[in-house]
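What follows is a group of structures, each given as structure tokens.
Each of the two complexes below includes subunit A, the first together with subunit B, the second together with subunit C.
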Partner chain A sequence: MPKKKTALRVNGRQHELALDPNVSLLQALRDLGYTDVKNGCEIGECGACAVLLNGTAVNSCMVLAWQANGAEIVTNAGLGTLDKPHPIQEAFADVGAVQCGYCTPGMIISTKALLDRNPNPSEAEIREALSGNLCRCTGYGQIIEAVQLAASRLQAERLAVAAMPTASLTRECGDGGSHSPGGSGAVATPQASLTGERGHDGSRSPSGLSTGDRGSERGQR
Partner chain B sequence: MSDRVTPKPLPPHHLPSLKQIGKPLRRVDALGKAVGATVYAGDFSMPNMLHAKVFRSPIPSGRIVRLDVSKARALPGVACVLTGADLPNARLATDLPGQTGRAQRKGSDAPVLAIDIVRFHGEPMALVCAESLEIAEAALQLIDFKYEALPGVFCPEEALQPDAPKVSGDDNVVARWQVRKGDVEKGMAQADVIVENTFYVPFVEHAYIEPEAGVAWVDEQGVITIRVCTQVVEHFRTVAKALGIPQNRVRVQGTMVGGGFGGKEDVTVEIFLALLARATGRPVKLVYTREESFLATSKRHPFKITHRTGVRRTGRITAAEITMLADSGAYPYLTPYVLLYATGMAAGPYKIDNVKIDSVAAATNQPFTSAFRGFGGPQAAFAYESQMDEIAKALIIDPLELRRINYLKTGDTTVTGQAIRSAAWSEECATRALAALGDKTPDSPTRKVGRGFASYFQSYGRITWFHDTSRAWVGMELDGTVVVRCGVPDIGAGQSNSLCQIVAEVLGVPLERVTIYATDSAVTPLAGTSTATRQLYMSGNAVLQAAGVVRASLVKKAAEMLGVSLEDVDLDNDFAVAMSQQGPGVPASGDSRATAPQSRTSCCGNSEVRGSRGLPLAEVVAKAAASGLPLAHLAQFNAPFTDGLDPETGQGDIWPDFTFGAHAVEIAVDTETGEIEVLKSAACHDVGRAINPAAVRGQIAGGSHQGLGYALMEEYVVEKGMTKTPSLAEYLIPTSCDFPATDVIVLESGTGVGPFGAKGIGEPALTPAAPAVANAVADALGVRIFSLPFTPEKVIAAADAGKDVVKPDRHW
Partner chain C sequence: MSLPQFEVQQPQTLGEALKILSEVKGAEPIAGGTNLMVDMRAGTHQPRVVVDVAALRDLHGIEVTDTEVIIGAATTIAEMLESPILAKHATVLVKACSSFANALIRNRATVGGNLVTAAPCSDTAPALLTLDAEVKLASVRGMRRVPLEKFLVNAFSTIRRSDELLVSVRFRIPSATATGAFRKMGLRKVSCMAKVDVAVLLDGDTTGRCTSARIALAAASPVAVRARAAEAALVGKALTPEAIAAAAALAAKAAAPRAGSEYKLRVVEALVRRLLAEAALALTRGGSNA
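Coming up: the complex of A and B.
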């Protein structure tokens, strides 16, 4: 199989790769060492592998790496660090939304995408936005509280920033909620044709975190 | 059932106020996980590492006619292929004397790789490792497997027939237990009404989001080291036994576990990795796919449970006769103990003087069953709590009133003859859970609203005849920070955080100043398994002891430095203070280090006492170290050591203690679609003492969600031994949109055997949810569904016919 040249910008770092065409973005990211992107199923069912692809949350297992050529990718570890956690990450830690933590990176990515487009979501909107991210530990209640806490903290931060002189407005990529790489508008969504390639039943879109489809799966078996 | 319930007032109880215990502090493991810094088992790699895959049986029952791996071995890039023929003596022991009992149960082990016969779909048959995952996958395709299908047995009832194909021993019986208490005949004769029902529960999958994974290598001492997500680092012994090497030549380095729930209690990848690392001399990685995680690991036991209960018209239960039949699957694993727990909990939290219980587990050609959160308790609870509501219905009495008459109280004995020694707040919990539901939602033309609740009791800590122990080491660094070393595997429930919070309390330091090293069989003191809701009880007591010894050194030195008595010294927020010198209005703790110097100690001339804030702990530590006082201690906590149950009567004292609680739900049944919506969910448990209330809430909320999934959506479907639901698209677990958050009510009686009076809550949290739903569905429909889960098909069948639905669709 001829390799595909693929350029990925991940958490601000540029990578030039030659990959087999069937390598998923999940695999490529993990091979590069971005192991905060978790593998829970590889078929778009759990959301543990979610990353921001040009600002949109996608299940990276459902995207072929070469199709992300030229894309700007942010993983959960790209949002913050132990020393400088992102407000969403802090909120998750503060309210007990993290148990085993395996779903957490994907949850936080979905939360970031949600709050970027909707800074003040209702509980129903939060539940909807996270419905592609499975968590087996928490029952979701504290996760929803974490999203609400993060939203209010980010809101307070924005107000504080707005009250400051304009010179101090510059922020690093991914640090804080007001700036998202690529923004939430101009999004290169991976094509729908990707879904079939890995034998997925197509009940979830490739940007896999979209919702409403879960209910329709019920009772199919 | 009654719409409005008043919470029963709590009996008098005393809870000392503490500084760190009882605070919803940020867990020590939370931020690392939140920022993606935690390295899980599958995230780890080594230089020169090989990748492994497992060849698994595609059939549930057959004779191996040919297993030719020569083509796989010849594939370039393949480093090693092993089959059962290469490892005739490699056995996976599921019962290790010294760990689970005094002598190994007969027939309790399984071949590591199938030899001659395969007994379940997914049974491991060969191991491959190669330079890349792709090559290993290609090599699997080159394995030539020819088999002769053998008749299988796919139902435990059939397995017990004399002419059934034999999966285990000469009768397929994996375990039996019996309980005989009082005189059941007499008890039944005293009854005004006898109620008899049979209940069924299906296979259920743990479905943690992290599939099993590990990396193994041979270290420079020749020790096989396995870095793996496991609930049991003591499996280094199991690995050593399988490989026929000394126990000190195997090391298990646990990782943060991405969910366990019992599914990572048995050996998963460890022996495969050890065999391949030994055979190749290179590091080897093995990560299960999701499908493999479904096929290869244990399930919750399906049970058929029959209750025959005699009861007086007043509501007093006079006799209970219970039979239980469980499906062990192809190999025993922990089935005998799961069955024992189910047997011990079979009658529920009720005082019944005349009891006869017979339980049996049978081997089949199905997925093997073993530990799953609750360990037989949830299956038992579904049956006994459904039965309680059926009894209430027969007597036309309120279900709460029926339970109130029969609840076990402190001092009463269980059906297995064990006295309840701690608080038994069943009614306190049930009334609070029900009260939390508030006003009842009205019916609509197509939606019938129902309410139900369930009580339970469940042991925490291992069976005391296992002679359980845990060890922990606590030490002060010279700057006043603290290190804990404890073999505890953290499976996400906050096991390591609880230990840190206890140590922080005892040593008077903020939680951030405690660092824990955990879950390494070679370098952290062995703490036993993260199973059986035992770690807070066992390792919590071990760290409490160890920290207490360190504290004694600090208090001794501080008393000297402050010139006060030992009793006068307290350790608080990084300071040693003389309590008698703390004037009113001076905060006992806070961020500011200093108030004006007031005095100098008489005995330690050069040490300044900084006012009523006392001495910085680091100074006390330095002085204590200089005078040779012990600043580190290794403690061992022993659970009570008892004998087993009497084999004839099932009487004995084998559980350390019990947790009590209740769950209540309000549901709406759509009588046209058969869909059930959970409208409200409330759980109330007496946790003894909540070490970290946020973590406790998380355990209860998460456990009840799993229980709601058990009730309404989860069934691991196996047809003629073949798994039909090997993905998260087919095996559905609750999403964020399925159920409302459970309203969690935490009671603290302070009467548990854990540190500070804590009880265990990890497993109990799940137990009452499914029977609460069962009772709510029966309340809504007026008829009962006797098998889990409550699928739309069953609901419609019950609603349309207006009749009970008894038999499940499959398996029995």
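Coming up: the complex of A and C.
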């Protein structure tokens, strides 16, 4: 079969590939070394293979790689690094929402997609957003808690940014998904919506939470 | 699990896609891939050429005219869930979409793929049946519009010819008072196939008399069906508990579950009774929309 030229931008790094037409996005990503994307079932049931495809959370096992030609893909590893974890990743660790860890990358991707659209979700909304991600270990309780913690921390971060009009947005808004572990030179782009949301966010952020709290909890971990 | 070998075509226009489907032997469309990827891995579908229709502009978008709502075949379930047009005119369909699979699948799965697959447990089919929806099919030979009820023939079987694409699905805007309800019974709260789906769309006048009733079932027969006798029994009657119970009993007669699944008859009757009661109550409060 003739190969199919496929350009994928993964976690900010550009890949130009020539793939067999029957290679799934899941397989292509794992072959490229993005093994944080897990192969759990390949029938769309488990969500361990979830990635952000142009900002939307999808099962990469349900997508043929060439269908994603030209797309921007973000995997869990693209959200943060060990040194500089994303607030969602940190919350999962802090709460103990990770046991075997197999479901975690997919859970975090679905959480990211949720919080990008709905910064202050109810428990029902969280459960709905994670409905495509199976966990065989935790019983989901801590995962829900982690999402709630991540949401409040992210809101607190936004509040802190709003209070400092001159501060650089880069760190606080880095959850745009463009941290690049490979050092590909991707720039963290502040989400366009953020500026417009400041006052709004500020008015409903939980009080008593600041980025400082995060630092201290992290120290206890 | 590797996929079988196939070639691919990525047409840029509807015309190009139709030409490929008419000329290339063994060509099969792919939209969201949530059925086809599973079927190809299982070996039950072996297209020689996979034709990507997900990006075709003619297959996208949800539009409303003075009289109709038109949904492109490649519209995802997630897009339908978020559509203000559907929220206003077709809550029965939005409710069906909210019980569809799970958040990840909904971002890929399309309404066209769902209808063409014609699985007994399709969640969009019963909701669209209560809306009296019509599908538009296109081929190099031209276009045809077919009522969804005729389009769905049997389990996994439709009247679509292999060179045809499903372009859109449309329905007349229901009356402003018409009230829709949908319930899916499955083995879990989320991410499961329906054991029984019931959709109803009820309309009435200010005296509590039923002016229009549509009831559809899925997963209770080989393919989604309307419960016409039950509908006929309601129209013109006051929506009393007795009339609702009688219609529910008739609705169960429209079901034809597989041997061993006779329990579904009782589930259909109970769900139809509950949904009709819910819709009737909403009607007395002025009705919502479909």
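Here, the second predicted complex is superposed on the first by the 167 of 221 C-alpha atoms of A that agree within 3 Å, B and C clash if a C-alpha of one lies under 4 Å from a C-alpha of the other, contacts with A are read in each partner's own complex, and residues count from 1 in each chain.
Quick note on the criterion: a contact is a pair of C-beta atoms (placed from the backbone, for glycine too) under 8 Å apart; a residue touches a chain by one contact, two chains touch by 3 or more.
As the structure is a computational prediction, the values presented were derived from the model and not from experiment.
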Touched partner set for A:2, first subunit B, second subunit C, both or neither: second
Contacts of A:43 with subunit B and subunit C, given as first, second, both or neither: both
Chain touching more of subunit A, residue-wise (subunit B, subunit C): B
Contacts of A:24 with subunit B and subunit C, given as first, second, both or neither: second
Which of subunit B and subunit C A:136 touches, first, second, both or neither: first
Subunit B versus subunit C as contact partner of A:121, first or second or both or neither: neither
First (subunit B), second (subunit C), both or neither touched by A:87: neither
Partner chain(s) touched by A:62 [first = subunit B, second = subunit C, both, neither]: second
Contacts of A:108 with subunit B and subunit C, given as first, second, both or neither: first
On subunit A, positions contacted by subunit B and by subunit C: 42-43, 45, 127-128, 130-133
Subunit B - residues contacting subunit A, complex: 24, 26-27, 29-40, 42-43, 206-211, 256-261, 287, 289-290, 491-494, 694-695, 697-698, 701-706, 713, 717, 724-725, 727-730, 732-737, 739, 741-742, 791-792
Parts of subunit A lying in touch with subunit C, wherever the complex brings them together: 1-2, 4, 20-24, 42-45, 47, 50, 56-59, 61-64, 66-67, 110, 127-133
List of subunit A residues in touch with subunit B within their complex: 30, 35-36, 38-43, 45-46, 48, 75-77, 79-82, 85-86, 89-90, 92-96, 98-105, 108, 126-128, 130-144, 201, 203, 211, 214-215, 217-219, 221
Touch list for subunit C against partner subunit A, complex: 1-8, 10, 30, 32-34, 37-38, 40-41, 50, 52, 54, 78, 101-105, 107-108, 190-191
